[in-house]
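First the structure, which I've put down as structure tokens, then a few questions once you've had a look.
The chains carry the letters A, B, C, D and E, assigned in the order they are written, with residues numbered from 1 in each.
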Amino acid sequence: MAERPSPKTKLTLRTVWFDPNVRSLVFQVIVIGLVAWFLHDIISNALNNLDARGINTGFGFLDQRAGFGIIQSLIPYTEDSTYGDTFIVGLLNTLLVSILGIILATILGFIVGIARLSDNWVVSKLSSVYVEILRNTPLLLQIFFWYNAVLAPLPRPKQSYHIGEWFFLNSRGLYIPKPVFMAGSGLVVAAIIAAIVAIIILRYWAKRRHVRTGQPFPVFWTSLAIIIVLPCLGYFVSGRPVSLDFPHLAGFNFRGGLTIIPELTSLLLALALYTSAFIAEIVRSGIEAVNKGQTEAAQSLALSKSQTLRLVIIPQAMRVIIPPLTSEYLNLTKNSSLATAIGYPELVSVFMGTTLNQTGQAIEVIAMTMAVYLVISLSTSLLMNLYNRKVALVER
Amino acid sequence: MSEYQFKPDRPAPSIQVGFIGWMRKNLFSTWYNSIFTLLVLYLFVPPIYHFIQWAFIDASWIGDSRKACTVGGGACWVFVENRFSQLIYGFYPQPERWRPDLVYASCAFLIGWLAIPKLPKKVWVGAFTIFIYPFIAVILLSGGIFGLKPIETSLWGGLLVTLVLAVSGIVVSLPFGTVLALGRRSKMPVIRAVSTIYIEFWRAVPLITVLFMASVMLPLFMSSEVNFDKLLRAMIGITMFYSAYMAEVIRGGLQAIPSGQYEAAEALGLSYWKSMIFVILPQALKITIPSIVNTFISLFKDTSLVLIIGIFDLLAIGQSAMSDPKWLGFSIEMYVFIAFVFWLFCFGISRYSIYLENKLHTGHKN
Amino acid sequence: ESTLQNVQKKGYVQCGVSTGLPGFSNPDAQGHWQGLDVDVCRAVAAAVLGDASKVKYTPLTAKERFTALQSGEIDMLSRNTTWTLTRDASLGVNFAGINYYDGQGFLVSKNLGVTSAKELDGAAVCVQSGTTTELNLADYFRSHNMKYTPVVFDTSDQSVKGFEAGRCDVLTSDQSQLYALRIKLAKPENAVVLPEVISKEPLGPVVRQGDDAWFNVVKWSLFAMLDAEELGVSSKNVDQMLKSNNPSIKRLLGVDTDMGQMLGISNKWAYNIVKQVGNYGEAFKRDVGEDSPLKIKRGLNALWINGGIQYAPPVR
Amino acid sequence: MTEQSKLTQQDTVIELRKMNKWYGEFHVLKDINLNVTRGERIVICGPSGSGKSTMIRCINRLEEHQEGEIIVNDTLLNNDIKNIEYVRRDVGMCFQHFNLFPHLTVMQNCCLAPIWVKHMPQKEAEQTAMKYLERVKIPEQAHKYPGQLSGGQQQRVAIARSLCMNPSIMLFDEPTSALDPEMVREVLDVMVELAEEGMTMICVTHEMGFAKQVADRVIFMDRGEIIEQNTPDKFFDSPQSERTKLFLSQILNH
Amino acid sequence: MTEQSKLTQQDTVIELRKMNKWYGEFHVLKDINLNVTRGERIVICGPSGSGKSTMIRCINRLEEHQEGEIIVNDTLLNNDIKNIEYVRRDVGMCFQHFNLFPHLTVMQNCCLAPIWVKHMPQKEAEQTAMKYLERVKIPEQAHKYPGQLSGGQQQRVAIARSLCMNPSIMLFDEPTSALDPEMVREVLDVMVELAEEGMTMICVTHEMGFAKQVADRVIFMDRGEIIEQNTPDKFFDSPQSERTKLFLSQILNH
């Protein structure tokens, strides 16, 4: 029999009341009404209250001079910058600590997660102790702890720990030389980029070669050689165009160089360690979630333990790991807002803190802050959904 | 035709001969495992030894001022002891402390009842604990009726506030989260959209911005007559936030229920709500117990954030004690103690959930 | 509904204070709030409700304080808050007087060997976020062509801890606070307050704009304390003073005038304040002066008749 | 009861008239016509994906159909929830994977619907349940949980659970195909008994032995259509269409 | 190769000598003795839980045994990884649930082991894979993912995947019991063909038709012991023990 397109369902008046479609329509209309009423109530209340209390609204304040200093900024910032700039500074600092934290936490988390599955009793027990301690105490407490623990043993600037005249460590932070690029330094940068590209190509080629011929290739050592040799070559060929700005003690503190402030260090430590405990659990359960039959099938094909892990288990575990891993990344980003407790100048601390207080524009400032987190979070889940669709197992 | 005689079972040969065998198997099975073992021991034994030395052997335990701590060089637990009652009750007036005591005890009793598998009437006790007991506890703590002296919430503090926030958070966010989860799975687009937006919004923003909103901005959105207690507002903030998390957890559970269960319920003629209440939710909640407990642990830990909005929970009381000039320099002891209290609760709960999970697993697998 | 009616209806004053600053607002071991700022709250409660204890305190960090006031979370803010034009004009708040004349100063540790703020080029400075101090600091270093590193903390407790741990060389704050914070140090004698005062810091209670009745009540509660001191009325002699023949005292204590009614409160308002809270001098002495660990001198905060600048309009 | 329903004959309990169903754009069931009279026992077979399950699921409205009419016990199945409820009370269903409620004991599984749908007092519901558990020969398991039973026992509980609602029609969707071979027999035995007592039954199954033993009619479906229907003897001995022949050879020959 | 291994006879490819296995304290396999000669086809049957799977999994060391000896292709299975790897290369295995790698295409599934274990160049591995995919009659599915195939097709891919390693022995653990009845035939056909080509096979199955058709010997196990072994004719027609008879009646009689 030929296939026909599906017809529209018709609605008879008689059955309207007992029709579930009609019922659900009515219910939904009521819910829309309630939500609209609630929003309207809140907004009108807020407007009334703002009006009654003589609070100005609007985003004009973003162009005003901020007039306060910020300890760490990735863009040029002085007291003359605007409140709008403080927003950018805070945002960038949030992103900085989040990205560094994510990288650190991922590395640590994977190591600990795999260590938990180790045959070695000491290693696996020690990693579960690590996980259980870090997971079960509040992050805020850990931040305070690390801040104290990082600060306490460090000496005053005059008694800094140092490595030659290059690196200085004291209670004001870690001071390192800052590269200053002069004319001709383009070649060095190009050499670095070229080295990275070369390594990517090499890895790709080596894998192809292995698949094609079955012969392995020492990728790691070759890559190491490339990343060292190429930039050095560029550096000397172009006449050593990069100089370093060394930190030096002047008055109370060091000047010059790059400073890594202890707030950043301790926040990073706390965030990375705390999150790594969760990531470790995710990694472990991801690996354990792969059906035992898969290991058995691989073993019965005579694949070795490491091959089984690399070719069969990890690729499948990643599908399980990635979604919760992403939400841990988001958590880390959100948790960076706790920096306000130790004064690391990220978004909540600078913008929702000082700026809000100096301007009094609570609604605008909070709306902007929340919007930032919403955008980060929604765009991440969007990317995640794309990824999930890409790696989803093909089914019938 | 013969009847086959089965051989009797024999006990397994002991593969692991004593302690040596155990070490062979677990510590030194291969050469790289041996290196690992030694390396790990080398790296971690000294710090652990030093910690034990500091925390127990050299520590000072008795005394009433910092003089007791100048000897030894170990931890000064005297400081914690000195502040102990503040850590537990906050500023709750001395003569009325039997009230929080009673709440602690009754709470422990009820939770113990629910946690110990053998005791009967779990459903009723559970319903009482979730729906009635919180009100009794609140009345008992805040007073104002039945001749109880009213105690303002600003005087509550320490562990009391931590527990009040945590327990109220879980008790409210569980049912609220369930409704949201059902909403997000609803076939009605509006309900689904409203629930989804709600959930995604709260999950996207940091809790401290929520607490800030709740603590200083809420009155802006209310008509001026409405007035909430500050602690209550922190509770509302935490609950809103965690309901969204709870909803996602429960949604996961609902998704894990095979569609056959919905169909069987439908085929028996049960309506939507009846099949949810009697068939789907009991199963969904049961399989999500571990995740619910995890959410609860996060909530419990996150109560410490109320410090930032000036509510004196355990951590905040500890911090204020540290800045007492008479006891400066003992912050590590206080942090270790507070961390230990949090850890004890969280670890205990998570262990219990693992135990429960195993029990449910063997009890009826399907 | 005005705040005054609202307060009368609910029966207490919701007062925003600091999270803990000795001498100004600080909970004691039993959780009772004490200090000069707290006394203003209590005076208002005594004036409006006849009972100085009818106050609920909301501890606020510097960052939260204006939002809390704007949103109606608190009825008044009495939290060492500097009166500036911007705040008056753009935050929707009104300053109801000055209960402490202060100026910003620096606290350094002795062994740095610094004797003047002008030598602080390149220093790391601990400061509380969201304060005028933060802004004055920037201005000061800028105008003297010096560089500095701001180390910003949420609460004064934390900034003391940061200073103690060596996170910064200098702690800056209002001078009164510096003295208060200094006693929180393990070895107070090792730190000195530098002589420079880099700004004017008039501190006072704040109320929401556009609520004049309440504004007046708060303003006059503060003035009543000052006038009482000027007239020699104290908590100890206030009952005898009821019989005084001095018309100024009679007006103040509401013996046969209706000053209170004009404000919309009881005629016994000032009597209640002085009886329950004391006059300004008593409060000062008790909270920050010689009877307190801070031992701050009256200085600018002496009455105008004693060479200071505390000068209250007359109750007339 | 609706007007149309009066048109059905006295002892026709299920009637499908030119019924069509789509999943999205996929035409699963095409112009299905089927009449089932009271007490009739029908076996449906056919290759996987041919729409067997879908068809019997339409009969108690687990799936919605889009065209044509389904009349069960003189009740027209449409959007009217009253009608749907009425039909579901009167039609029991057993699934391939039993779908017992794992958190309830066998007894609670059986009593749930009588108590909450029929508002029967608990005592009475338990008595009924016990009666049917005896009938499927597992009264002693009443207080165990489904997880503690073997597959065969679970399927028998599922049958008992349906019977507790006192249905006049029973639908079975491959009730034995998820069972270990050793347990198939015990379930089939229960079904044969049920058939012999005169229950109206529609059963999707590949157990041809069962079909031969009890069916009044065997229906063969493919690609959403009923290709052939006949008495079991004729169906197995002289299948009419090539498709049927091929199918029979596949499932009988190993 | 070890000393003991020399003791086995020329054409014995698998030998189990008084092999015992425990799971914790549970004695699963008791004194199993078994000799399989080259080209022999053995079918193992027995009730659920009797240790059939466990036994054949011991043969390629997916499970460790605790007592007795297992010698495969003159190699003694012990803790020596070299021996284990040698045996596994030479023994292919098919599982009840196929255990294909879902993230790889059919072709990649087949090439994985040849490339990584035998270091075969990809070209060659693909040619081999294609050869075996043709043999199991699904060359056209080579670039699909396992999830896109029917159960029968998946099982055939699993067989091809094992064959790609060019094993001399094949183990099958209930290869058809997770399949829809219609698909059983296609898998059995492949296995019959394999048997006819002279592959040494041990097969756990309940397909008695298959046993009759190809087996040289049928082994009946219960409670961890081999109770009876015989040629299929004798095994089915005149079982020796009561236990066997009961079992046969259960699985044949419906």
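Please note the rule applied: contacts are C-beta pairs under 8 Å (C-beta built on N, C-alpha and C of every residue); 3 or more make two chains touch, one makes a residue touch a chain.
No experiment lies behind these values; they were computed from the predicted model shown.
Note on connectivity: the fewest chain-to-chain touch steps from chain A to chain D number 1.
When chain centres are defined as mean Cα coordinates, E lies farthest from chain C. Nearest to the global CA centroid, when each chain is reduced to the mean of its CA atoms, is chain B. Distance between chain centres (mean CA atoms), chain C to chain D: 83 Å.
One inter-chain figure worth recording: chain A and chain B are separated by 26 Å, centre to centre, where each centre is the mean of the chain's CA atoms.
Centre-to-centre separation of chain C and chain E, using mean CA positions: 87 Å.
The mean-CA centres of chain B and chain E are about 50 angstrom from one another, to the nearest whole unit.
With touch defined as above, chain D holds no residue shared between interfaces to two or more other chains.
Residue positions of chain B with contacts to 2 or more other chains are 212, 216-217, 219-220, 224, 308, 319, 331. Within chain A, contacts with two or more other chains are made by residues 49, 148, 340-341, 362. Under the touch rule stated earlier, the contacting chain pairs are A-B, A-C, A-D, A-E, B-C, B-D, B-E, D-E. Listed in rising order, the residues of chain A touching chain B in the complex are 24, 27-28, 31-32, 35, 42, 45-46, 48-50, 118-123, 126, 132-133, 135-141, 144-145, 148-149, 330, 334-335, 337-338, 340-341, 348, 352, 362-363, 366, 369-370, 373-374, 376-378, 381. Contacts from chain C toward chain B in the complex involve residues 1, 6, 10, 19-20, 27, 29-31, 56-61, 64, 67-68, 70-73, 154, 157, 160-161, 164, 183-186. Residue ranges of chain D in contact with chain E, taken from their complex: 47-48, 177, 180-182, 184-185, 188, 206-207, 209-210, 247, 250-251, 253-254.
In the complex of the two chains, the chain B residues touching chain D come out as 258, 260-261, 263-271, 274, 278-279, 282-283, 286, 363-366. Contact residues of chain B toward chain E in the complex are 1-4, 6-7, 9-13, 15.
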